[in-house]
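Here it is: the structure, laid out below.
Note that the chains take the letters A, B, C, D and E in the order they are written out, and that residue 1 is the start of every chain.
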Amino acid sequence: MPGRYKQITKKVGLPPGTLLHIGSKRSEKVKIRKLCYSSDDWTEKEFDKVDELLESISSAEKCWIHISGVHVVSMVEKIGAAFQIHSLVLEDIVNTNQRPKMEDNKEYLYIIVKMIHCYENNIDFEQVSLIVGNNYIVSFQENDNDTFTKIRERIKSTNGIIRSKDVDYLAYALLDCIVDNYYVALEYLGDKIEQLENRIIVHPQPKVLKEIHTLKNEMLFVRKAVWPLREIINALSRGDSALFKKDTLIYIRDVYDHMIQVIDSIEMYRDMVTGMLDLYLSNVSFKTNEVMKVLTIIATIFIPLTFIVGLYGMNFKYMPELEWKWGYPAILLIMAFISGCMIIYFRKKKWM
Amino acid sequence: MPGRYKQITKKVGLPPGTLLHIGSKRSEKVKIRKLCYSSDDWTEKEFDKVDELLESISSAEKCWIHISGVHVVSMVEKIGAAFQIHSLVLEDIVNTNQRPKMEDNKEYLYIIVKMIHCYENNIDFEQVSLIVGNNYIVSFQENDNDTFTKIRERIKSTNGIIRSKDVDYLAYALLDCIVDNYYVALEYLGDKIEQLENRIIVHPQPKVLKEIHTLKNEMLFVRKAVWPLREIINALSRGDSALFKKDTLIYIRDVYDHMIQVIDSIEMYRDMVTGMLDLYLSNVSFKTNEVMKVLTIIATIFIPLTFIVGLYGMNFKYMPELEWKWGYPAILLIMAFISGCMIIYFRKKKWM
Amino acid sequence: MPGRYKQITKKVGLPPGTLLHIGSKRSEKVKIRKLCYSSDDWTEKEFDKVDELLESISSAEKCWIHISGVHVVSMVEKIGAAFQIHSLVLEDIVNTNQRPKMEDNKEYLYIIVKMIHCYENNIDFEQVSLIVGNNYIVSFQENDNDTFTKIRERIKSTNGIIRSKDVDYLAYALLDCIVDNYYVALEYLGDKIEQLENRIIVHPQPKVLKEIHTLKNEMLFVRKAVWPLREIINALSRGDSALFKKDTLIYIRDVYDHMIQVIDSIEMYRDMVTGMLDLYLSNVSFKTNEVMKVLTIIATIFIPLTFIVGLYGMNFKYMPELEWKWGYPAILLIMAFISGCMIIYFRKKKWM
Amino acid sequence: MPGRYKQITKKVGLPPGTLLHIGSKRSEKVKIRKLCYSSDDWTEKEFDKVDELLESISSAEKCWIHISGVHVVSMVEKIGAAFQIHSLVLEDIVNTNQRPKMEDNKEYLYIIVKMIHCYENNIDFEQVSLIVGNNYIVSFQENDNDTFTKIRERIKSTNGIIRSKDVDYLAYALLDCIVDNYYVALEYLGDKIEQLENRIIVHPQPKVLKEIHTLKNEMLFVRKAVWPLREIINALSRGDSALFKKDTLIYIRDVYDHMIQVIDSIEMYRDMVTGMLDLYLSNVSFKTNEVMKVLTIIATIFIPLTFIVGLYGMNFKYMPELEWKWGYPAILLIMAFISGCMIIYFRKKKWM
Amino acid sequence: MPGRYKQITKKVGLPPGTLLHIGSKRSEKVKIRKLCYSSDDWTEKEFDKVDELLESISSAEKCWIHISGVHVVSMVEKIGAAFQIHSLVLEDIVNTNQRPKMEDNKEYLYIIVKMIHCYENNIDFEQVSLIVGNNYIVSFQENDNDTFTKIRERIKSTNGIIRSKDVDYLAYALLDCIVDNYYVALEYLGDKIEQLENRIIVHPQPKVLKEIHTLKNEMLFVRKAVWPLREIINALSRGDSALFKKDTLIYIRDVYDHMIQVIDSIEMYRDMVTGMLDLYLSNVSFKTNEVMKVLTIIATIFIPLTFIVGLYGMNFKYMPELEWKWGYPAILLIMAFISGCMIIYFRKKKWM
């Protein structure tokens, strides 16, 4: 992941507002979904071309336009022109390396957040941009996945309150959905911690270390993606933006509580992973010590004995002991005595 | 404990205010206790069904309704409806993974705190929710235990001042009782630290390490449960809420002092545990060094000697020394001399 | 020291204002000293019973009542009643586990500070409570020692300015005396650091490590006792309390400067002790390395030689070398050559 | 790089405003480029001497004077006199060891920033000073490189908006260009991290450690160069300076977002490098453990066997076993049995 | 240096304003220099006695009185009386263990700063006290050295602006001179870091470790001496004191920039030294690993061979192999094969 600045450097020296897609290369078709609704009714339509979309828009209704894919710069440009979005904002939408941020441009509110997708063994980040206007929301996503499907369903169902509320409530719903997804990431990280902890205790291997390292870096990335959002949601919940009505604020505050909890947990997980590293290192150094002890016991007992048997293996002509009748049993006894002493010594030292 | 986000993720995408019990599965019956009191008298009653409770309520008296168990969502919902509690608050009551927080909803004050229960070998957390109204308190607890028994007794006894005061004083009493319980957790942690410290010095084993690790994680959880409460009680003691009268504030400030002391101690304990890990690691590495020295001394003394005896064990035809009369005693003397030199060398190096 | 919360937990669930002595059990008699003074004169008297004290008090003079011992709860209660001290304050006076704090109760100022007593080999803490009133000071101490003797003498001597000033100046003098005592603790800690540093360099032993650990914990306790006082004295020096007159503030500011210096030094000492641990660990690991080198050199030189002499100790019938006339000297030369090569190799590797 | 204070110390005791070039010695010719422009037209000219430049200046147009090289103190002095720049500012321009800072001298704004140049294997810093006046910018750079070439081209091209805007926009463009260059440094650091991480896992060597150390120090220097700029740009974006018009502020805020992202990344990289060190150390200690195990297994199996064969190599006259017919095969079996036991023991201990 | 609190503890219990010299004992004569100046002229005189000085003072001119030596308490007392300096200030002047601080006593400004003197191998601190009055400055220094010689020369030279300015500019010049001296300390520290880094890489020895430790502690002391000055100069540059005129503030701000740079560098150096410790430790542990490998390779190859030659050194009567004609060459071949396998194994494991 450190390699991701390779693309940004292409922008060095370009004038501001130059639209340049930065992110993994994609070739999928960009899907545009328009979902207009009032408290009584809703209509949904999918488009392939921006022009068709723009023709169909009438400002009477509350409208949510969702674009899945920001790699076709020209489309983003057209939509930007239609909704009078500042070119710097458009530049940020297509540059998927943004830090979460919020900009209040009077006419609309521009919010960048990061979705976290957890797969079997790795974590992926996706940039979601929200343009919250008076009675419309334009949202951009890098991929076409079903992140917001449930919200779409809630709009379409008759008994949801979402349709009777203004678009600021929809913006809340989108943010809430993203923040709820962070719990999935927490679960993913928590599971990994639990797994690694077990493996460290049972069978510490350098592979485990590699994984702790990866986990740590993943946490760094999650933290970087999540942390700035806290301040954004806090600002929203304080009612900084005129676009958010008073009775939506209580919901935003609920999201804020979730954010705090997510951040708390990430910080705690970081501490836990640091603890795991210590645990691993200590385990390894304890094992080295264990191995050393065995080696020392064996060596220390047998080295003197080997010397003694070597002694009587010498070929000197005049070695009186060799002629003695009880020489051999005597030497065996002496050696037994020596090893006995050694063992008692090791017992005392608690090495055995 | 990291696995506890498994349940929260069930909520992803659900509309706000959807009541879903999150926490360990329970099947016990939920007990409802109503304790109404004035400065002259008190009445207590237990209910099994919410409806019976609701019928019996009259708004004339000060009333404390305590529900032990939040796993029956429908009961919480009914009580919420009766006391006009916001659905987001109800959602938090049944979700036992909340961070301690306070919300001032004008009509009532909603406070979430965490009880800490210490058992022989582990620590458990229980979520307590307080709804403090004008002349009533509704409190929710996950289990039916005797946490608040003493407070109930103080209300019933004639000489307690608690009955002559308003419900804000009762709220204080409940908070004070919970914070006092934190000292039990401190004692539990302090005992464990003392125990582990002794064991590290006497007999360092990797099991100890495992326990330090567990202790560290327990502290992380305690800290996470306790820390946010500080800000809440601080806000209360500043008199932020109109429901708390002026002469209760001095008591709240007393609780605040206790909170600070608890947090101070947890932070200090954390530093102490970190120090213990260093102590353990150093002990292990010192022992390795000790073992190495013994091995080195033994090996270094005997390896050359073994070489010498091997030398005169060779079967060459022409080895003049073997024929000498004093060859054997001479070689014994030489070897004694060599080992003497070695021992002096080790003494000088402070290895013996 | 972690075990000190054992007693606090006795208070769980008790109503506020319940006086319960918490601290080490004592049976000494409590001494009460009354020292009244005006700019012209002074009278001093010792009492055994509170009633006698109370009778003798007249509000005309400036009075300093000092009680050495808070373990007789009933005495504290009576004094509290006489001076109209809030029951929560009395509760804190007899609970010697308080954190330093200040409370401004309009009529009087309540300050808790911690004295540090340094003995040969350990540090002890004593809680001092000051009730600073309009023209009286009531001070409580756990033991009867000569901490404040010098101040008493300054009051009695004719040329001290202390007698011409109000009791706020006396309060300053008491605080100054306590803070000055912290320098004794700094000296104690500084001496220990110096000693340990020398021992680490000369002869690192695990005992040293144990002492570093103890020193670290002592610092944690000193820090915990000292740190909160800073904020208290800062508040006083800002003139937050009406009881402290303007021209006393310059003296308080002087105490504040001392506090800052004490805290600065403690923080620096902490960094130094952390550095010492690294020094110790590195020394141990360096020594292990040294030991390893000696072992390796000896073993590496002799193991091949021992193999060679073993080779010619074999009893094969057909070993032509054994028959050669110059076989023995040749093998000796070969072995000398091999060890020569080894030694050159080790020299190159800087192991010798 | 720590040696760079050698030159600053030459200034000790000199009066303020003494111009003294501090930085690496240079002898290249200083190039002066004047680029005047209005929304319709532009003129560019290069000068060798300051006097020629000063003659050619007319205050009617927007003018950007760029001086590549600050080592000729007299030139800086003349320009300073012509533009009425304070002598303390001039002193800072020629002292290339400044910390990034901004000074608002009413008539002009003085900004110091650090360019980061990344080469194959090291990082270099260059001080850029900007004097932003009413309708002119004077910029100083240490070397003559093509950092600002693209901006010059944007001014000359007809379709750029830069020409229609005031010089504050040009100042923004210069700052933006410098901050964009920081991404190149991030890429350089990110690449190095990735490389090192791979090498640590594949083949940990102390050389790697040396490089981690160098990388860490490089990060410290980058951080020191970048961090203060954040506050400067923040101040600009708040509109603190009257020289920056309102509609330039949105662009400045864009630069500010980039700064935050750069700083975030540096902080994250630091954490990652710290993690790498742990990874390396653990890898080394794990390898030591592995080596130890092999040694122990070999030694532990063969040392007892060697003892046994030595035993029967003794030359005692009366050793009955030697005479037995099946003595040799029996001893072989016994030794096979012993090694079998050992191997089973090691298997159980998970050493094999 | 930790031992320096030994002297302070002498002050415990003394009344405030008791003058007691704390610092290293000195017996040199105290020198007093008076330098009066106006924009036209200057006069300089040296005194041995305070009384002579006091007689010669006339309040018409700007006057700088510099006292080199604070160990003669009576002299400080007299000067204090003449300039009406508060006794607490005088107490601080003679106590050379003060923390840098500033006190604004309306009539005069009292500033304590620490000079850093760098010698070959250690760092020394000297306390400088400045009393900045309306048209006079009284400065105290512990020793008589040439720290301020250059400033004296600047006053005496005709072309310096210092003489035309008020004494606040002189105060600035003194502070600037002290802060400039900090760069000498930075150079000293930087040089030491560079030296140590080289020695760690070339030849790591525990002596190096000792020096890192000393360097770390020196940095702690430098930091403690420098850090508080930052806030003081910041306060001055904000114009908090009425004694400092507006056009001096720009110069003070310049000193402030230097302070920030000094502090930045110290913090960076600290990080670098921490990194060095890691580097050293890793080097040592890598070397241990290297040594282990050599030992293991030698031992692992020869131990089995030694066993084999021992085997055929046994004296059993019936060992058929010994009788075989090709037994000896066969065993040599087998041993060559075994060592070959070992070497291949070690190659694979990357140990050779």
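We adopt the following convention: a residue touches a chain if its C-beta (ideal position, glycine included) is under 8 Å from a C-beta of that chain, and two chains touch if they have at least 3 such contacts.
Labels paired with UniProt names: A, B, C, D, E = Magnesium transport protein CorA.
Being a predicted model, the structure only gives us computed values, none of them experimental.
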item: Touching chain B and also chain C, the following chains; value: none
item: Inter-chain centre distance, chain C versus chain D - centres from mean C-alpha coordinates, in Å; value: 42
item: Chain centre separation (chain A, chain B; CA means) in Å; value: 26
item: Per-residue overlap in chain B, given as positions that touch at least 2 other chains; value: 281, 285, 288, 292, 295, 299, 303, 306, 310, 313-315, 319
item: Chains in cyclic order, anchored at chain A, direction fixed by chain B; value: A, B, C, E, D
item: Residue ranges of chain D in contact with chain A within the complex; value: 149-151, 154, 160-162, 173, 176-177, 180-181, 183-184, 186-187, 189-191, 193-194, 201, 250-251, 253-254, 257, 260-261, 264-265, 268-269, 271-272, 275-276, 278-279, 281-283, 285-286, 288-289, 292-293, 295-296, 299-300, 303-304, 306-307, 310-311, 313-319, 350-351
item: Chain A partner contacts - residues on chain B that touch it in the complex; value: 2-6, 8-9, 11-16, 86, 88, 97-99, 101, 103, 203, 205-206, 209-210, 213, 216-217, 220-221, 224, 277, 280-281, 284-285, 287-288, 291-292, 294-295, 298-299, 302-303, 305-306, 309-310, 312-315, 319, 321-328, 331
